[in-house]
Amino acid sequence: MFFASDNAGPAHPKVMDALVKANSGYALGYGADPIMAEVRQQIRDIFEAPEAAVYLVINGTSANALLLATMCQPWQTIFCTDVAHIHEDECNAPEFYTQAKLTLVPTTAGKMTADALRAKIKAEETRGVHGPQRGPVSVTQVTEKGTVYSLAEIKALTDIAREYGLPAHLDGARFANALVALDCTPAEMTWKAGIDAVSFGGTKNGAMGVEACVIFDPKLAWEFELRRKRGGHLLSKHRYLSAQMQAYLADGLWLDMARAANARCAQLAEGLRRHNVARMLCDPAANIIFFEMPRQDHQRMLAAGAVYYVMSGDPDQGDPDEMLTARLVTDWSMTADGVSQFLGLLHG
Amino acid sequence: MFFASDNAGPAHPKVMDALVKANSGYALGYGADPIMAEVRQQIRDIFEAPEAAVYLVINGTSANALLLATMCQPWQTIFCTDVAHIHEDECNAPEFYTQAKLTLVPTTAGKMTADALRAKIKAEETRGVHGPQRGPVSVTQVTEKGTVYSLAEIKALTDIAREYGLPAHLDGARFANALVALDCTPAEMTWKAGIDAVSFGGTKNGAMGVEACVIFDPKLAWEFELRRKRGGHLLSKHRYLSAQMQAYLADGLWLDMARAANARCAQLAEGLRRHNVARMLCDPAANIIFFEMPRQDHQRMLAAGAVYYVMSGDPDQGDPDEMLTARLVTDWSMTADGVSQFLGLLHG
Amino acid sequence: MFFASDNAGPAHPKVMDALVKANSGYALGYGADPIMAEVRQQIRDIFEAPEAAVYLVINGTSANALLLATMCQPWQTIFCTDVAHIHEDECNAPEFYTQAKLTLVPTTAGKMTADALRAKIKAEETRGVHGPQRGPVSVTQVTEKGTVYSLAEIKALTDIAREYGLPAHLDGARFANALVALDCTPAEMTWKAGIDAVSFGGTKNGAMGVEACVIFDPKLAWEFELRRKRGGHLLSKHRYLSAQMQAYLADGLWLDMARAANARCAQLAEGLRRHNVARMLCDPAANIIFFEMPRQDHQRMLAAGAVYYVMSGDPDQGDPDEMLTARLVTDWSMTADGVSQFLGLLHG
Amino acid sequence: MFFASDNAGPAHPKVMDALVKANSGYALGYGADPIMAEVRQQIRDIFEAPEAAVYLVINGTSANALLLATMCQPWQTIFCTDVAHIHEDECNAPEFYTQAKLTLVPTTAGKMTADALRAKIKAEETRGVHGPQRGPVSVTQVTEKGTVYSLAEIKALTDIAREYGLPAHLDGARFANALVALDCTPAEMTWKAGIDAVSFGGTKNGAMGVEACVIFDPKLAWEFELRRKRGGHLLSKHRYLSAQMQAYLADGLWLDMARAANARCAQLAEGLRRHNVARMLCDPAANIIFFEMPRQDHQRMLAAGAVYYVMSGDPDQGDPDEMLTARLVTDWSMTADGVSQFLGLLHG
């Protein structure tokens, strides 16, 4: 009953096996290992992008910050949602790497609409050099609220970016969960929808700690490499990143894990819908649920060993009937029985 | 016969076992995993520093850059050698994180002398706000040339730093190799010798990719934590860093590996001393040798499958008799037989 | 009829006379000129702050950026209004100097309320290292909308800052205009109201180009000096900044000029109130008016030679009856006759 | 007898007259003033560069830092001399603006030779992403030691830069003094000699505080404008910069002032050559002399009211016979009589 985060669960055994298997003999460092050559090809194939530049880093914060820095100038502003991970959860890493600022687009259920994005871009009229200049648009898929943009919604956002000459970034920390939810191809969810660069997550979906940075315009490749090194994000024993990603992608393991996580989430959602007081804040599309429930019910669940974050107040102190918002996140490793046990307690 | 780098060899099987063992069930992320609590205690014990702040990062560049940024102000200059890794091999990462500059102290055999350091510090008279202000002194142990400072030499450098009110940093990417070479304690090589913070390497000595940042003044801890997060260097699935370091330190594995690497290096040095034309540039004290040899001999060795870097010219092109400098690095995983094979070829 | 900006008018002749007078013989540079010693004392006297650190820079952007950088850490967020000059009009200079980010507090008539500020500070719960940390509160007085905070309003904002341990900055580009509007002392409007540092403007109120940075805690003085030099904002021939500020403050010239500017603004406001279609957006308290009027009326005024900015649309193109917002700014050099002429045309 | 610096003397009365004349009526700010349009044309004419981008800033530090930032990437290193103003006297401003580092080329008499530059550029082999990448070459003319590069010497340096694809910057804080020393045209000393951008000084040669940034490739213009604003270096009441530069350039005033300064320096040098113990460190070519003389002679001169910097030791304390190095700087405002008086004392 551990629903705190999809970065708290274990890596898939096949990923660990690949690490152990890679740990033999000598291999050139810094990305020149032979496994990386294979990974590059895997990702180009998966994205139907034979020219794409592909790099591996250890986590989503560095992937986002490095990609945005490569797409942005220090006098620009990056358009993202007011709940974006790059705004709320990275302790100014995007600002550190880009030297730019963020303009927050208001959201409904974690998503910005095309109209809201356009309004913010229009408002950022720079009056010559005085204001910040318009910079990249960053879209998070799966959103931080557990919703998923449709392909048409992504396209509508990148169309506006294109109209203003701005590049588009996809924060895909939960890329696989969105992909299986939409049942589309990686190309459809990215460059065919107008995305220029992707933070392609592995860590939250069964890897130990690896994300790919995929840049569709190879002209940016060398700058990215220099930024990665300068940020301290180029690993010497790089083969251990490569091996993780190789196993993650092999035989559709990444999609299987995302499907499993989403299925557990759907099971949770189904149970919550039947509950007489708990209420989901929006319809979960992937592996995250936000719901509200009286404090006393949270207390009961937490006391019974359920682990998850209560976001809007202290679960221990206060009016027992006050509705408190909480978040449930599922991952590949959860069992249907574990979810049933949680729902049983909830309904009990 | 792979002597290119100590970051090209495999991790020790015990480190991999620890990773696999850690990969079970849920664990809080971002350093709150239970293994990290144990690692913190291990390192405090090893350093006889019960108050030390201890953090893990993925590599030496980030360890150095984050520690120096925590010890430095943007208007200062960091004193290091003219062959320091932070100067030559980190693509401006120290400048990026610290916003400061580096003042290069000339070296003999990779070491700065106390007199050379003092001369540079004195010369950096700031004339009020005009020049850069004096900042930290950074000492590399094992040096980039394979030599090792004695405890008295370190103390002489930190005494000057202290005299000018400057903090002292130790780049210990090969900390263990130096420690066994000096046969002293970690405390003796660091805080007892005047060092304020240490980049404590694991990656080059049998880990997969982990370094500890050890700060003896716990008042700097919180700033370090914020800088690590802001640099994108805080891992969500942190347990996999912790597990590596735990296994690395357990039962003296780290010292055993360093002793093995140094022994192989001594074996190489002994063989080179007997060679009639090859000549070592300085006496190796740990696991690195710089030597020179005619181009044609390098060609012969490389053709026979030896792998190492020739630093001072193209081994393939040029006068066959020209002396070219090369580097040999040993690690824990090499066998005496492998070294004998190399020496046999060399002497053959 | 030139109401575009208070930085478009001339400097006061007494300021120019002081420059010419200062231009004689040799004077030490970089702030060591004898006039600066007098200016420091003038400002300490005026602010009743005998320990205050006082520095001169060329403009408001550098004053704000340097002060905020001295009060802030790179992992923090600065609380300011959503119309703040530091947010909208400085092309990321605050972000460049502080390396931090801005959190925008919503406004009414250019002002943030204590409740709005508190809500934003509370929302910026950092969850450990994950979010940006809370940083300085920056208050603009006169606001960008021409309103003026009462002393109690400033105090209410700095009380919240104090409660959270955050320093408070005053962007006083139009400090004098606010002061005469409130009819209070500089001490009352700053440190007695909880302000820690002030950008004390001169440029918009009759100087050629000079602002004082006044820091009430002298412990920050040296850091400020280093930041100023590192930003390229320390003038070698500093006496020409000092001379301006000396003349600006002598015999209450600065207050006389602010009173004149405010009086012209009041005259404009009185005329606008009598107008049958023009409508002021908020009651002007100092020397700025925002008002709306049909496009055709703007066209008529602009064609007649009035100069001012129409903010909300193109005055030349569109529905003649559409209401367009415009800004009028007065300065010390305007005459009552000039304003009457403008109002005559408006009513004509 | 004030030889401390050419930034300690007064501005030329014609410059002050121009300021006063410009101080009338309204003028658009931020560089849109009509005088700036004239200044741009003046400078394009003087440099025979009809396409050049021309901007004004307040001092040499900001001119250098902004130009270098526009010519450089954060992962590069800038090649300059080990006595360069950008290295020694700007408190990390170049590092702040460029985010890059400096590589110091050794000097003789303040100059780098082509061989020394080539050696440093070659040594900066980057080994892929590991080292800093090669960046701009910055040449100071007049050098910090008072010598002047010949046109052929400048060309030899920029030829090497061109060979490696690096841009070339000229720090011309004393541009006019060099120009009259070489008796050449501005075009010959800059773009015809391979220079891409110039910090064109006015402050040290009779202006109040103004430098032009001249960029021969207009494609960099917009980035420079954004960097200037973001650095807080765009003046609102810009006309007062423009007016200075206009008067400075009008009727060859700038060249007359430089000739006067150089003539006073030559007079000093002639007197020093006749002295029996004082010894010049290199032959002065413009308006700066470095010389050495026993401490007791310095004491005598300083006691008699001469003002200049003794660089290599405390003039007040120590062996009376110790030779101490000192610097003499002349400017436009000095009289031949004043210099004679100094020399009379010296020889007395």
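By written order: A, B, C and D. Residues from 1 in each chain.
Please note the rule applied: a residue touches a chain if its C-beta (ideal position, glycine included) is under 8 Å from a C-beta of that chain, and two chains touch if they have at least 3 such contacts.
The structure presented is a predicted model; accordingly, all values stated were derived computationally and were not measured.
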If a chain touches chain B and chain D alike, it appears here: A, C
Which of A-C and A-B has more C-beta contact pairs: A-B
Farthest chain relative to chain B (centres taken as mean CA coordinates): C
Chain B and chain C: spacing of chain centres that average the CA atoms, whole Å: 51
Cα-centroid distance, chain A relative to chain B, in whole angstrom: 34
Computed distance of Cα centres, chain C from chain A, in Å: 42
For chain B, residues that touch 2 or more chains besides their own: 74-75, 90-92, 96, 129-130, 133, 226, 229-230, 234
Chain A - residues contacting chain C, complex: 74-77, 88-92, 95-96, 99-102, 104, 127, 129-133
Partner chain C, residues of chain D touching it in the complex: 2, 4-5, 7-11, 13, 16, 19-20, 23-29, 57-62, 65-66, 90-93, 96-97, 203-204, 208-209, 226, 229-237, 240, 307
Contact footprint of chain C on chain B as seen in their complex: 30, 73-75, 128-130, 133, 223, 225-230, 234
